[in-house]
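Note that the chains are named A, B, C, D and E in the order they appear, and that numbering of residues resets to 1 at the start of each chain.
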Amino acid sequence: MADTRNSSTAVSNPGATSRSLDRLRHEFMQIWQVLAALALIYLVFFLLSPPFRSLDTLLSIFGQAAILAVLACGTTVVLISGGLDLSVGSIFAVVGVCVGILLAEMELPVWLAVLGGLGIGAALGALNGIVQVATGVPAFIVTLGGLTAYKGVAEILASGRDLSRFPDGFQALGSGYVVPMGIMFAAALLTGLFLTRTRLGIRAFAIGGNEEVARLAGVPVKRSRVCYYMLGGLLAALAAIMEVAKLNFAMPARGQSYELFAIAAVVIGGTSLFGGRGGVGKTLIGMLIMQTITVGLSYMGVGTSYQRIAIGIIIIAAVYWDVWRRSTR
Amino acid sequence: MTTHPVLEARGISKHYGGIVALDNVDLTLNEGEVLAVVGDNGAGKSTLIKALTGAIPRTSGTIRFDGREAQIDSPTDAKAAGIETVYQDLALVNEIPITQNVFLGREIVRDDWLGRIFGVLDFKRMDREIRELFAKLDIRITDIYRDAQAFSGGQRQAVALSKTVMFGKRVAILDEPTAALGVRESQMAMDLVRSLKDHGLSVIMITHNMQHVLNYCDRVMVLRLGRLTAVRRVEEVDGDTLVGLITGTIDGDAQDG
Amino acid sequence: QDLRIAYTGYSTDNTFWIGVANAAAAEAEAQDVEFIDMTASSPDSAAQRDAVDRAIDMGVDGIIIGSVDNRAFDASLEAAAAKGIPVVAVDTGIDHPHVSSLVQTDNLAAAGIAGDYIVDQIDGGKVLILGGSAGHQTGNARRDGVLNAAEAAGHEVIFQICDWQDACAFETTTNFLQSDPEITAIFSAWDPGALAAVSAAKALGRLDDLVIVGFDGNPANLVAIAEGEQSATIKQDNTRMGTESVRNLLAVINGEEAPAVVPIDGILITADNVAEYQ
Amino acid sequence: MADTRNSSTAVSNPGATSRSLDRLRHEFMQIWQVLAALALIYLVFFLLSPPFRSLDTLLSIFGQAAILAVLACGTTVVLISGGLDLSVGSIFAVVGVCVGILLAEMELPVWLAVLGGLGIGAALGALNGIVQVATGVPAFIVTLGGLTAYKGVAEILASGRDLSRFPDGFQALGSGYVVPMGIMFAAALLTGLFLTRTRLGIRAFAIGGNEEVARLAGVPVKRSRVCYYMLGGLLAALAAIMEVAKLNFAMPARGQSYELFAIAAVVIGGTSLFGGRGGVGKTLIGMLIMQTITVGLSYMGVGTSYQRIAIGIIIIAAVYWDVWRRSTR
Amino acid sequence: MTTHPVLEARGISKHYGGIVALDNVDLTLNEGEVLAVVGDNGAGKSTLIKALTGAIPRTSGTIRFDGREAQIDSPTDAKAAGIETVYQDLALVNEIPITQNVFLGREIVRDDWLGRIFGVLDFKRMDREIRELFAKLDIRITDIYRDAQAFSGGQRQAVALSKTVMFGKRVAILDEPTAALGVRESQMAMDLVRSLKDHGLSVIMITHNMQHVLNYCDRVMVLRLGRLTAVRRVEEVDGDTLVGLITGTIDGDAQDG
């Protein structure tokens, strides 16, 4: 859905309509192989496991992927812009606890609590970006510090509090398949449009490709970078809100290692770890691949430990496939 | 050609910690001329133009544009003043299409609420302007949606130079536009430089190629170890003199102020 | 007298253990001794071992250990013995002569109560156990308590490692409820996991025909039990654990007699008796 | 102790003796500032907290830092060579469990179990390296896969086993301060000599600096890279053995996030995340800084959540200091 | 100067997927000569020497060295045969000292058990050899323990070229040794190239500078779009002819086999 790379078969007839069509076609070309892999994996489990064949299962794959997929949309933007945010798992934890406090303790209306949570996530994300651009410390370090520090903040905030039993209106955000799926698709669509159709969005590719060139071309690199991290924090917050709504209670121990799963989904989808290339459509598919495998294996009674081994191998294999594909054409 | 100065820089210095990369250099660019900047590696040529265009902060020095004091502290300031620069090795982003490279930093947003509020882009208009530009400059690139890295060194340099025509209202600054280009590509690039003049631009060009200085430029300034050592009209010098000035075997006591 | 005692519990991200620590701190304050809480934020036996060593270096007057894993302390306890620093244990016993007193909660036995309750409530089907981290002592004991009871009664048991992660409990519950209609009971080794299982079952509309049992007796779970969502939980009296352990330690420090073992039995809380504990 | 960068004040008198002296002096110049920071931090706690003032405390800082410091020595080598190993925490877990099995279940003699553990660690590390050089998949992805998959392996191996109560001779490897400190210094010294005095070692800097130049110069880049990962795995295994000996039991949930702490120590010490520069001496000091802060704060009664926040900030501040220092000279 | 060939390559091709970067090129390097390789950007010059030295796998082609079939499949094979190459932009590692750069890939280990078993290095000997080498070639770098990036472009190129003298027993291959160098540095570098001959080496040099071809080389081969289009003795051509051959305005039907 969102990818600005164009394949090498170039258009010869200029003009706007053909451009849009062409663009769409190229985007689809980029995506179809990952999509085919997803379909293949789904088919394998479909054949192997009878209970897997229900519509409910299919829906629940989407539903379960939704939270991490929303988080991973933010990760996609940050990675495209050449950044890295290891702290989104901890932002997730802080926002979860904060929303819990806003709802259960301060008894704010749902919409206000949600807005508050999103604001906190965006602020923490922006803080990561601000520290980076202000100090010049690499993203890995800043967000490793954030990973540690924000976790401490979540624990302190949650300590001694019982944060559960939220209003029904809030729970709806995470319940069932429909709403989480809806949020997931909406988040991916908006992020995709942001990345491909807006000024700030397409600049992410330029900054991720070559920050210095972008700066010299007059792009406000620092300010833009802060925005991408802010968007990453915002989407992490949205994911946290969905999870708190789904579980109906908040705890500081949430979100651990989510940043790694999100990065895994992003790269399985084919976005570059090194910036300048990628799109959220692919990320969505990457997350669905991981989720299909997890759900499929547990339907077949494969234990968590074996699932871990499978996921580890899939991550490497997916990227290898991408590397191999690029090298042979 | 008039001798009215477009850009005047006075006493430009740049220190990196203890290293003096640029020491009190004056520069005058006259309307409609092509000014060459030559000098050994590390003489401070790139540093000079970066300091001029606000790409790096100056340690000291003032800049006058069109006779008035100008505050040029960032690439954006320079662009706003009508100065367009092609930096050495830093002209294009490999990972993004030619279209986006040309408009990078100056994307055109739609002329409606979507554009104003969300910065939604007007791709149609940008594509049209690029095609017109390439047609005008006789740059034969049709597949403008391909990533920049798919193009040859010569094509890339042509695209970079075309930006100066599109956006440089007054001044184009070029840092080694032909380095690493082959004979034919160099030729193409220098022809483009010449045509910049026809489009009403004044040009500053850094080069190591004395032939290009002699054939395409009006005046030449020589930097040595961060200082300005000589300024000459091209008619007054030959290649050997220039090399002598560059290497320091000939003393050149001209100041450009 | 100016006494300082150190306390290291299971973790600070666990409601149950926060209760133990708070009770212990309150008792220490009541007795006018300085209370240093050195608990690590997540269950980590190496960090806990370091904390105990640090307390010994600091020369505190006594140490309370609520161990993440009771096998980690042999060398530390030798050092404590050499320095004459008394040590008492809370929750899990530590097999060392220098540990003079234990306020014991037997996870295996308590989980056995949960297992018996589950067996009692269901007539057939499978039991899904949501476990902690692999190889974790506390988690394993709770798993085994239920597992033994259920298997003895002829139920098939499915065990899934969840690393104490609530989201994992939710997802695992969802997946197993959908893929295996025979599941009739779910036991989570930690109460938040049970809440997650409740949420998952509710989402699938399966809450009514499931027995969901947790462990700890957290306030949120008591509410869930009162509302008939969660079937039961096992509460160990964490307030008493904290208070008694401080009392025992002070007794040992003062050279008085302290009971070798204070057993604190697991209490089964169901809808019938939940009101007493809320 | 180990750093091949030379300061910019160059020697004018050639000759071997002066070179060695010069080299040592430069190495010390590089290290002294980090060392000063360590001393300062120690002093602050020394003044603030009376119980902190004992020799035992000082020793225990070393003793507690030892395990992670040994692990971080391996991380240093891998980072210098331009690699990254996110999976060392999981290697740590696998080795811990394996050594437990070798000792408690197979009842092998201690030396054989230790050798076995080291061998397994080296093999898993080498596997990371081999997969990378054979597939061309980036280190982040390969070792993210390894992180997940090895964790599963550790769990499967440990499942249903009680691995505890090891022979006294084995426990000695992790008990008290003397032996762990000794192992730490020995590991750092040997790694330092490896990096500065051997062919394979100094090539790590070249490969980390510019892999393609090294390859074209005839350096067997792939083979060397596998060796560095192998060394990283070996040192992770040594650390795991020390921890199993200290705790006297083995379980698969150990070692989580250790890779991040190790990376933090390495960068606090001043080794570059991007390869080509660094040394183990600095890493040792980096680890001691982290440990001093942890111990100092807990002596002052600061809870772990607050410690996390402090450590997070210290990580960023340390690297910022390094960035700032470089930019101003 | 004899005409005995040192290095003969026949039918060298290199395909990247569908792209034919090099198409059936023959090359003959005679003992003691300096052979220039010229051509436009992307003509395949760098690809040719990389294929020759085993830096990239050849799609097809054979290589004879000293009249015998040679198996050169990796940079190490080439070095073993006495062929030393300075690749374009890939000569030195910035992060490590000059000493280690010179001996990179061929470090000298101590002549005792430490060296044999653990590969412990003989720094003393390496330092001595470098100082002797720099003295012999009149390279004025005393602070050989500084990182390579502390040196100027000219100094770096001098260090890179010195490696060919130290290790190149027979053949030195240089890819654009003066690109991005200033006038004086170019001069220094080309003097070094000339002195390679005095040290008994045969040289292949890629360049875009026709002046350097005419002044320093014995023969010149012209590549165009991956094919060999002409081989000439330098005495037979002038600059304009070369440019014509490169750009294709002049047909050159010579094959070098």
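FYI, contacts are C-beta pairs under 8 Å (C-beta built on N, C-alpha and C of every residue); 3 or more make two chains touch, one makes a residue touch a chain.
For each chain, UniProt lists the protein as follows: A, D = Ribose transport system permease protein; B, E = Monosaccharide ABC transporter ATP-binding protein, CUT2 family.
Nothing here was measured: the structure is a model prediction, and the numbers come from that model.
Asker: Return the chains shared as contacts by chain A and chain E, ordered by label.
Answerer: Chains touching both chain A and chain E: B, D.
Asker: Measuring centre to centre, with centres taken as mean CA positions, what chain is farthest from chain A?
Answerer: E
Asker: Please work out the Cα centroid separation of chain D and chain E, and write it as a whole number of Å.
Answerer: 41
Asker: Please compute the C-alpha centroid of chain A, do the same for chain D, then give the distance between them in whole Å.
Answerer: Once rounded, the distance between the two centres reads 31 Å.
Asker: Counting in whole Å, what is the centre-to-centre distance of chain A and chain C, each centre being its mean C-alpha position?
Answerer: Between these chains, centre-to-centre, one finds 35 Å.
Asker: Would you pick out the residues of chain C that each touch at least 2 other chains?
Answerer: 12, 41, 134, 161
Asker: For chain D, give me the residues that contact two or more of the other chains.
Answerer: 155, 159, 304-305, 308
Asker: Please give the residue numbers of chain A that touch chain C in the complex, ascending.
Answerer: 49, 51-52, 54, 56-57, 60, 64, 67, 151-152, 155, 158-160, 162-165, 175-176, 243, 246-249, 251-254, 256, 294-295, 298-299, 301, 303-305
Asker: Enumerate the contact residues on chain E facing chain D in the complex.
Answerer: 55, 74-76, 79, 85, 87, 90-97, 100-101, 104-107, 109, 118-121, 123-124, 127, 131, 142-143, 145-147, 150
Asker: Over in the complex, which chain D residues touch chain E? Could you list them?
Answerer: Residue list for chain D touching chain E: 4-6, 8, 10-12, 14, 16, 19-20, 22-23, 26, 197-200, 202-203, 205-206, 208-210, 212-220, 275-277.
Asker: Mind listing the chain E positions that touch chain B in their complex?
Answerer: Touch list, chain E to chain B: 39-43, 152-154, 176, 179-187, 208, 210, 243, 246-247.
Asker: What residues of chain C sit close enough to touch chain D in their complex?
Answerer: Of all residues in chain C, those touching chain D are 12, 36-41, 45-47, 49-51, 53-54, 57-59, 69, 71-72, 74-75, 133-136, 161, 163.
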